[in-house]
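Labels A, B, C and D are assigned to the chains in the order they are written; within every chain, residues are numbered from 1.
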Amino acid sequence: MSTSSDDGSGRQLTYAEALREALYAELKEDPAVILMGEDIGSYGGAYRVTQGFLEEFGPQRVCDTPISEIAIVGAAIGAALGGLRPVAEIMYMDFLTISVEQLVVEAAKMHFMSGGNLRVPMVVRTQYSLGRAHGAQHSQFFPSWFLQAPGLKVVLPSTPYDAKGLLKSAIKDENPVLFIECNLLYRSKGLVPSEGYALPLGKSQVKRKGNDVTIVAISRLVTEALEAATRLSSEGIDVEVIDPQTIQPLDMVPIIESIEKTGRLVIASDDSKSGGLGAAISSKVMDDGFDYLDAPIINLASPDLPIPFSPMLEKAYMVSQDNIVSAARQLV
Amino acid sequence: MTAPASFTDISIDKLRKEGVDDVRVMGMLRKMLEIRRFEEKVEELYLVKGQLMGPSHLYIGQEAIAVGILSACASNDLVISNYRGHGHAIARDVPMKYLMAELYGRADGTCKGLGGSMHSAIHPAKGMIFASAIVASGVPIAVGLALASKQQKKDDVIIVFFGDGGLNTGAFHEGANLAGIWNLPVIFVCENNQYAMGTSTAATTASANLVDRGAVYDIPSKKIDGNDVGSVFVTAKDALARARKGNGPSFLLCQTYRSKGHGVYDRSEYKPVGEADGWIDRDPIVRLRKVIMENRIATDGDISAMEADIAADIGKAVEFAQKSPEVDFRELSKYVYV
Amino acid sequence: MTAPASFTDISIDKLRKEGVDDVRVMGMLRKMLEIRRFEEKVEELYLVKGQLMGPSHLYIGQEAIAVGILSACASNDLVISNYRGHGHAIARDVPMKYLMAELYGRADGTCKGLGGSMHSAIHPAKGMIFASAIVASGVPIAVGLALASKQQKKDDVIIVFFGDGGLNTGAFHEGANLAGIWNLPVIFVCENNQYAMGTSTAATTASANLVDRGAVYDIPSKKIDGNDVGSVFVTAKDALARARKGNGPSFLLCQTYRSKGHGVYDRSEYKPVGEADGWIDRDPIVRLRKVIMENRIATDGDISAMEADIAADIGKAVEFAQKSPEVDFRELSKYVYV
Amino acid sequence: MSTSSDDGSGRQLTYAEALREALYAELKEDPAVILMGEDIGSYGGAYRVTQGFLEEFGPQRVCDTPISEIAIVGAAIGAALGGLRPVAEIMYMDFLTISVEQLVVEAAKMHFMSGGNLRVPMVVRTQYSLGRAHGAQHSQFFPSWFLQAPGLKVVLPSTPYDAKGLLKSAIKDENPVLFIECNLLYRSKGLVPSEGYALPLGKSQVKRKGNDVTIVAISRLVTEALEAATRLSSEGIDVEVIDPQTIQPLDMVPIIESIEKTGRLVIASDDSKSGGLGAAISSKVMDDGFDYLDAPIINLASPDLPIPFSPMLEKAYMVSQDNIVSAARQLV
């Protein structure tokens, strides 16, 4: 159910198409699933993930909303409490800052603070647009915020295959799930079986086996890490690449096991370095894998700056494949 | 803003016209008294006995709103309450012992002691779906519940309680607008008790007429005397019928007065001298009781017996709560995820 | 929502009554043409030349609003713009070369290339205080600016531009309410171009009458033909005078039409066929030009000369931008803190 | 100017009184300073910090607001842009989730994304109420979020002395400052000189010198760490206690210097462990002090749970002095 192998057909989809396929299947399969968000209907979604759904499923299931991020997440919570399985879309992760009270203070805590009485099976889909010259207010990526919101699951798919399988699981999950997509990946292609499959939430995936250096990469940087690994292997450096996929709950087992073997760790994530995912993961390694480390962990992340608009400056701002290669080299 | 013109009476005739018989009128009195005595006991447990801790917001003076609205509801209707929720829960027949156990932080509490007073009104078994401690955050959630009801072609109407202060939040605005465009079965019950903490409504709410805060979203909106359980009941009946027919949301601005402080520790030093006195004979229980006596629905003795019964119930609730265990700390991680 | 009844003319008489002479009328035409041609060039630089990247939102069709409002302002008045801000900035005399350099991400841009199109209208030297890319987030900020003006007994009035979609945000609601209770010198200019991205206003905004969205906060509110620069100008004059006298905020609902897509890449496939045609002869420039000709304020030749001049200016702006350097990446950390 | 010594008078104030004194002095000194927030006027502030100010300074300077957290922070930004020095109050840190778009997406980035054109000298005061049986929605502490918002300064005073000196600096600073107070400290007393003094933002303070173990403690836990240090010294364990005071920008120099000496680090903070301040600081040590470490860093923090109401459970949830003592013992 969860292996990422070719299904034989070799069917290639983009990340956006894979997401669309998961949504489509869930809408078909379960009448409780509804979508809500800005411009998901007649506009087809800002990035075309929901194109054609309004026509097929109607406005009762595919709800175009006003520009009301508080209400989008709030209404999704209520709909979940009322027996539906809403998938709310927040067009840019930046706008999630407007709804974060509903997501973090309400949805994430409801099961706990009601003593287990309430369950909120909902998904909030969003995406970050770093790398597309969208400027300081439309490119932000701050997944580590949600580590401070236990009760919420947080998923970050890195490939079309994973996007489909993880989104299906997110929709079927009984908990609120924040599903963070990556704009730069929407057009990337990969093998996606046409049948339904679900990938489990809360399992880190070893995307490449290796013995010399462990790279934990997030979202867009998984592909970069895999390509870096290929380059490094020609230099005789054997890299293991791990994609946590779900950062909350975070499955540290494969990461610790890997470090036990390699003794060296690079973490690569697009958020700002201070207080980002790299720091969070690094600190968990400190708890459970310190003795395995032969060298300090290298935490590759965006610098602690707002995101510059200028495409050239933005490029310099972002973690690159070259950065990953250099970091791995530096460790061995 | 001052008290409604000169109500000292309540709309008993309206109630009768709605087919509410004397037994049900007495039932309303009982609920209102249960709330009042429960809250008085809570106050005592905080301030005199020192057995309770943390924030708690009493419903004293506002009883006619919860009882009027919720008596008009069907049992499948769903309620979104808030941090001032004990009264909503009692009006909805949540057993007082579970509420009290929650206030004590015990395993038999409505939220197993994990919520506390501000979330104690969560009790799905009685249709008490949620209670947030964040002002007006329940509003969009209620709208979503109403969406679920409509989408699944259920008959449930959603009631959401919030205060006058909540009118100035983005959450209220966005939620009400959504209910308006989607024509959802939700009743916005604004309990205007004249204050948001220590700040008077008039100082913070820019509207010549507060009902406009519902009307602006094309939602039928009405200002009512929230201390008249009869008025509240019949207005709610109307709104419920409209919602059930698919005619969408209503906004009820219920004028009332917060007789006590904002929270149990607040001594209301900011209230103008004499202001509270103006509300004493508008007290919803005083008024209902007067009408009951005048209409010979019950005698002084009947009501005393009822009071004694309630006092006994509350005594038992406290005992129950005190004996209830705490959840084991090591069990807490079980409640984070389903 | 459809276009205003049957305007094909603009209120030139009103302008003259306000003492606007022919030179100033021609000045307004020039500004409107500058905006139009600038935006057309931007579109070309994106779609044909592929020299520009990232989101950009054109002001085509809405020129009369920025020009009408900002021509009525005093030079000390302050403007909060937004991501659709090129037009506001040009109307306010921000040199086009700085705007263009910003779009190119260059050091001579209004934001040194760190902001981009969506923030390009920031230029404090011309009173262009801020432009957010978040819908309606500028509203409470404008209200705070107005508070500063009032508190410091300055004479500045604050203008804040936002779209019809912004009406449904919590930020607008909370900001407008604050302006209402504090009676602040701020003019809320809602540019109702009939769409929020691909969603029509009517589908998302629950109000029988959109001006109620200002009136509900006790703010004097008016719906105007936003494609009539004369109407916009005289209404703004009124609102400015009221604000300057200490009589508080105004809300101007300016009806217009977004002739192009939401952003430069959007092909507006969702627009009903023929809808745009209905607006062609309501185009604010077409109308102003017609009146100018009819009133013999200028000849065809005068306007052609003006167009040539503008084209040359824009050409120079592009050249300037292309030659401007980029900020060095290593310098960026200097801009994080003052 | 910045030494925390007794001023001779031995005047003791509570943390709340010290804050009040700083605000009062700034209001007196600079007519551009205004306060805005819910119930700061006639109510005197939820925790009495602004008691009496409305009467003395009038409603133009002490502005009671509606329950409009978005507008409170938004209007503070605007007021700052317009030449004032607003101090906005968000009654509980939990409610900051409602205004976080204004704070993080607008205020924090304004100077940068305007290419240096704009400056926003404003302070947002807030407080966290952990330990007072306020339940899941009125006790949250998530300072690490703001590490992902470069452009914002973040201050966490731990004593009355620091509260006064740091608040004065925050108000005089030209950048937006988030000033996070601790409810459990409001009644704690300490020496506070009556004259004005400012403590620099961005300087970590060594609160106690020691050679065996370094403890970096935040806010409320600084006092606990100091008391733990006293207990530990009787066992012969010599503890150094460092209070960063400002977590952004974070002055790591004294921390790294200390670890160079002790080789052992305990971090104690009230936020949730995953992705919290402890993780953030630990990861910076990984960058600059890994080789000094003789043992893994111990990161003491709240567990990854929503905060339970029950006072007994809440107590079990919180980092205690005993936890600090045990952690230090474990390291030596």
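The criterion applied here is as follows: contacts are C-beta pairs under 8 Å (C-beta built on N, C-alpha and C of every residue); 3 or more make two chains touch, one makes a residue touch a chain.
Values in this document were obtained by computation on a predicted structure and should not be read as measured data.
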Contact-richer chain pair [A-C vs C-D]: C-D
Distance-maximising chain from subunit D - centres being C-alpha averages: C
Whole-Å gap separating subunit B and subunit D, where each centre is the average of the chain's CA atoms: 37
Centre-of-Cα separation between subunit D and subunit C, whole angstrom: 41
CA centroid of subunit A to CA centroid of subunit D, Å: 31
Where subunit A touches two or more other chains at once, by residue number: 65-66, 68-70, 94-95, 98, 101, 105, 112-113, 135-137, 150-151, 304-306, 308-309
Interface hub residues of subunit B, defined as touching at least two other chains: 111, 113-115, 119, 132, 134, 168-171, 174, 177-178, 181, 203-205, 327, 332, 335-336
Subunit B partner contacts - residues on subunit A that touch it in the complex: 32, 34, 60-61, 63, 65-66, 68-71, 73-84, 86, 101-102, 105-106, 110-119, 121, 150-151, 153, 174-175, 249
Sites on subunit C touched by subunit D in the complex: 78, 80, 109-115, 119, 122-124, 129-130, 132, 134, 137, 139-149, 151-152, 156, 158, 170-171, 174-175, 177-178, 181-182, 327, 332, 334-338
Touch list for subunit A against partner subunit D, complex: 94-95, 97-98, 100-101, 104-105, 108-109, 112-113, 135-137, 140, 142, 144-145, 147-148, 150-151, 248, 250, 271-272, 274-280, 282-284, 286-287, 290-291, 295-297, 299, 304-306, 308-309
Subunit C-facing residues of subunit A, complex: 38-39, 41-44, 46, 64-70, 94-95, 98, 132-138, 303-306, 308-313, 316-317
Complex interface listing, subunit B residues touching subunit D: 53-55, 105-106, 111, 113-116, 118-119, 132-136, 165-166, 168-171, 196-199, 203-205, 270, 326-327, 329, 332-333, 335-336
